[in-house]
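Got a structure for you, written out below as structure tokens; questions coming shortly.
The chains carry the letters A, B, C and D, assigned in the order they are written, with residues numbered from 1 in each.
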Amino acid sequence: MLDELRARVLEANLEIVRRGLVLYTFGNASGIDRVTGLVAIKPSGVPYDTMTAADMVVSDLHGKVIEGELKPSSDLATHLELYRAFPAIGGIVHTHSEFATAWAQAGREIPPYGTTHADYFYGPVPVTEDLSAEEIQGEYVLNTGKAIVRRFRNLDPEAVPGVLVAGHAPFAWGRDPMQAAYHGVVLESIARMAYYTATLNPGTRGVSQALLDRHYFRKHGAKATYGQ
Amino acid sequence: MLDELRARVLEANLEIVRRGLVLYTFGNASGIDRVTGLVAIKPSGVPYDTMTAADMVVSDLHGKVIEGELKPSSDLATHLELYRAFPAIGGIVHTHSEFATAWAQAGREIPPYGTTHADYFYGPVPVTEDLSAEEIQGEYVLNTGKAIVRRFRNLDPEAVPGVLVAGHAPFAWGRDPMQAAYHGVVLESIARMAYYTATLNPGTRGVSQALLDRHYFRKHGAKATYGQ
Amino acid sequence: MLDELRARVLEANLEIVRRGLVLYTFGNASGIDRVTGLVAIKPSGVPYDTMTAADMVVSDLHGKVIEGELKPSSDLATHLELYRAFPAIGGIVHTHSEFATAWAQAGREIPPYGTTHADYFYGPVPVTEDLSAEEIQGEYVLNTGKAIVRRFRNLDPEAVPGVLVAGHAPFAWGRDPMQAAYHGVVLESIARMAYYTATLNPGTRGVSQALLDRHYFRKHGAKATYGQ
Amino acid sequence: MLDELRARVLEANLEIVRRGLVLYTFGNASGIDRVTGLVAIKPSGVPYDTMTAADMVVSDLHGKVIEGELKPSSDLATHLELYRAFPAIGGIVHTHSEFATAWAQAGREIPPYGTTHADYFYGPVPVTEDLSAEEIQGEYVLNTGKAIVRRFRNLDPEAVPGVLVAGHAPFAWGRDPMQAAYHGVVLESIARMAYYTATLNPGTRGVSQALLDRHYFRKHGAKATYGQ
């Protein structure tokens, strides 16, 4: 069971590298086994090209390392907070992919400018509030997770599978580690097209609610028609 | 006959991947045999790297599947509407290529800023009107095709081999599937250069009618001189 | 002699492809043997990946084809006008490379924003005037060459080895075909950095005359110190 | 000892090529052996793909060549000035990487817009003042080094491992040649994301001092927690 989880978490980590979202050791992916509550995550600061499934670090939902020789990703506490708050998700990726990071740095949510966006995010990609100095000086990584959870108070993390942490970078998630990676890749593409759109025509409004509904529910929910 | 059509449609689908216009399973290409009126199109949501010619789905002009085990692309009804309305075209591609999509999302037609554009598009690349809520909630995919056809009421689809669907992405076409793919690739390049041009000098006007004529008719029509 | 010229012209054509300046069959490179006055140039509309040295077309300085089965590039008359007017140059490339083309489309010369520019261009990269309707409807390709030559009335083509044709794209040249290709590649890089510079700070002025002198003469003329 | 230094300097030169920071022969990396005070640097104008460790040129801290058949990089005097003034550094890279160069050409320091920046640069990436005509006409390369050193009068080169030379391009450094290359690569990525941020939202302010402290000291100093 843990072997399979580690293998899938490794695959998600490699996917964000293959798709150009990662420079050096930046970024990390994790996955959770909801039966045991165990989380596997990339180790901290290890090069991707020599990493194996056995290097993935396994911890419980409170950050206690259960298996693994290496230190877990320094972002572990953020991942755990999201797993605790969003019971429907099974995988998370965090990257510093360039366009999503630019929107995060600019402190702007990404409006749903088109159907590519609407196919995956049912509304804007939200931005967290800035953390206070106290939150930064305290349990910063955990508090980053809490800021994300606060931002989702009135949002469904299944309908909006990602977020921009203000002044930092994106997190994306999904039902399993590979879908989380997939959402991270799609988010970067959406962010890139939204950048070109916003600079080409600063007054662009997002798509209509009707179009947002049509595209989102084409791929999600009981009436989805896309795919085989 | 159908084997050849499927092979050519596969090739066009692979060309848009090779040229970087496709992320994951986004995008699709189709072709029509005008003698039988049969259309071959990429299946829905299938990965490009394992796709074979036999996976292409064949339907008649009204969307009835004639051959193929898989579901056709969810955009089939748009393709069919274009084949019905534009008798001179033999292939269509739809992509979410990033710069053409940005212009579509910004709701701006692409002006003919230079001779690269004029070599392929005899005038601006047009944008459709937004679909109404009724059109979106009804036969949305078909209505997308109808919006394109309406936009071409006074345009020649052979002289303007592509369009931007507002808030969505481009469609391009040609005399056969590979030329449709070629036009899709050229459209993305034109869109990219036009983006840089418009942001560098927002007041740029398009080329003169004389230059548009000269370049377009250098490559098209009875007096074309380009190529062997 | 002609074999060597054709081989060098082929190499220059392949260099602009390898460096990402070419989409499909766009662009062309040529070279001249100043002893015989013979020019070798890429054939029109032929794919780069199957092209051989034997496909290069040889013409005299007045456009009469001397050797070669294929039609020469449709831009031949522009190349010939430059060879006639600029006796010091031995090779020319024409591309639609994206950033240089964007400046050409925007009708803006590229200011010498930094030392990368000053290392190769002793002053701005100039833009031609628009051609008149008569010039376009007449011998258009030749008139494009004449517009470039007019623009260089008070410029030294050895000190400024390239130009932007307004509403069209760049030409670059050098002492031989490979140096022409090299200047075409450097011009695209300069154009790209100048685009980012101009959009980041529209008020940016070019480098001082002192810096322009220092960098240009570090690599050019009797006192050059760069290289082995 | 010198063999190892040359090998490490070669590796740093190859790293900036692999990461896309180099066009043709632009850019150079060097390293110093602090025991002997000997510096190894890339030779001037030599292609990267045939370069060997034996081609690295070794000079003393005053520019006297000790070993090597080739002429050293034309930027040697800048490197030496930095080694003399910043005793803690062991390697330097100079590139014309496109986004860092754009900020240098625009004469703008790069604000710390996010945590990627804060992980490596403890404050803005500074820009030097313009050199005077006298400095340019005199010992220009040395004076470039002096301008950098002046800019760091109140800055710690270990906390800010790079600089933008106005109207020119970046220099980056580190404890050894490979870390210098790493900082050069990270600087380009930071510059790229900052470009997108600044053009997306020109009013963006940098991160708070608390966030800058938290991220910088996560990776640096006695209390660093990142990595294994």
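By definition in this document, a contact is a pair of C-beta atoms (placed from the backbone, for glycine too) under 8 Å apart; a residue touches a chain by one contact, two chains touch by 3 or more.
Just so we're clear, the structure is a prediction, and the values are computed from it rather than from any experiment.
Chemist: Mind listing the chains that sit against chain C and also against chain D?
Modeler: Looking at chain D and chain C together, no chain touches each of them.
Chemist: Among the chains, which has its CA centre at the largest distance from chain B's?
Modeler: D
Chemist: Turning chain A onto chain B with a C-alpha fit: angle in degrees, nearest 5?
Modeler: In degrees, rounded to 5: 90.
Chemist: Centroid from C-alpha atoms only, then distance chain A to chain D, rounded to Å. What do you get?
Modeler: Measuring from centre to centre gives 33 Å for this pair.
Chemist: Using the average of all C-alpha atoms in each chain as its centre, how far is it in Å between chain A and chain C?
Modeler: 46
Chemist: Quick one: which residues in chain D touch 2 or more of the other chains?
Modeler: Residues 199 of chain D each touch two or more of the other chains.
Chemist: Can you tell me which positions in chain A touch chain B when the two form their complex?
Modeler: For chain A paired with chain B, touching residues are 113-116, 182, 185-186, 189, 192-194, 196-197, 199-201, 204, 207-208, 210-211, 213-214, 218, 225-228.
Chemist: Taking the touch rule as given, give the residues of chain A at its contact with chain D in the complex, in rising order.
Modeler: Result: residues 23-24, 26, 43-46, 70-71, 74, 96, 98-99, 101-108, 130-131, 133, 136-137, 140, 167-169, 195, 198-199 of chain A touch chain D.
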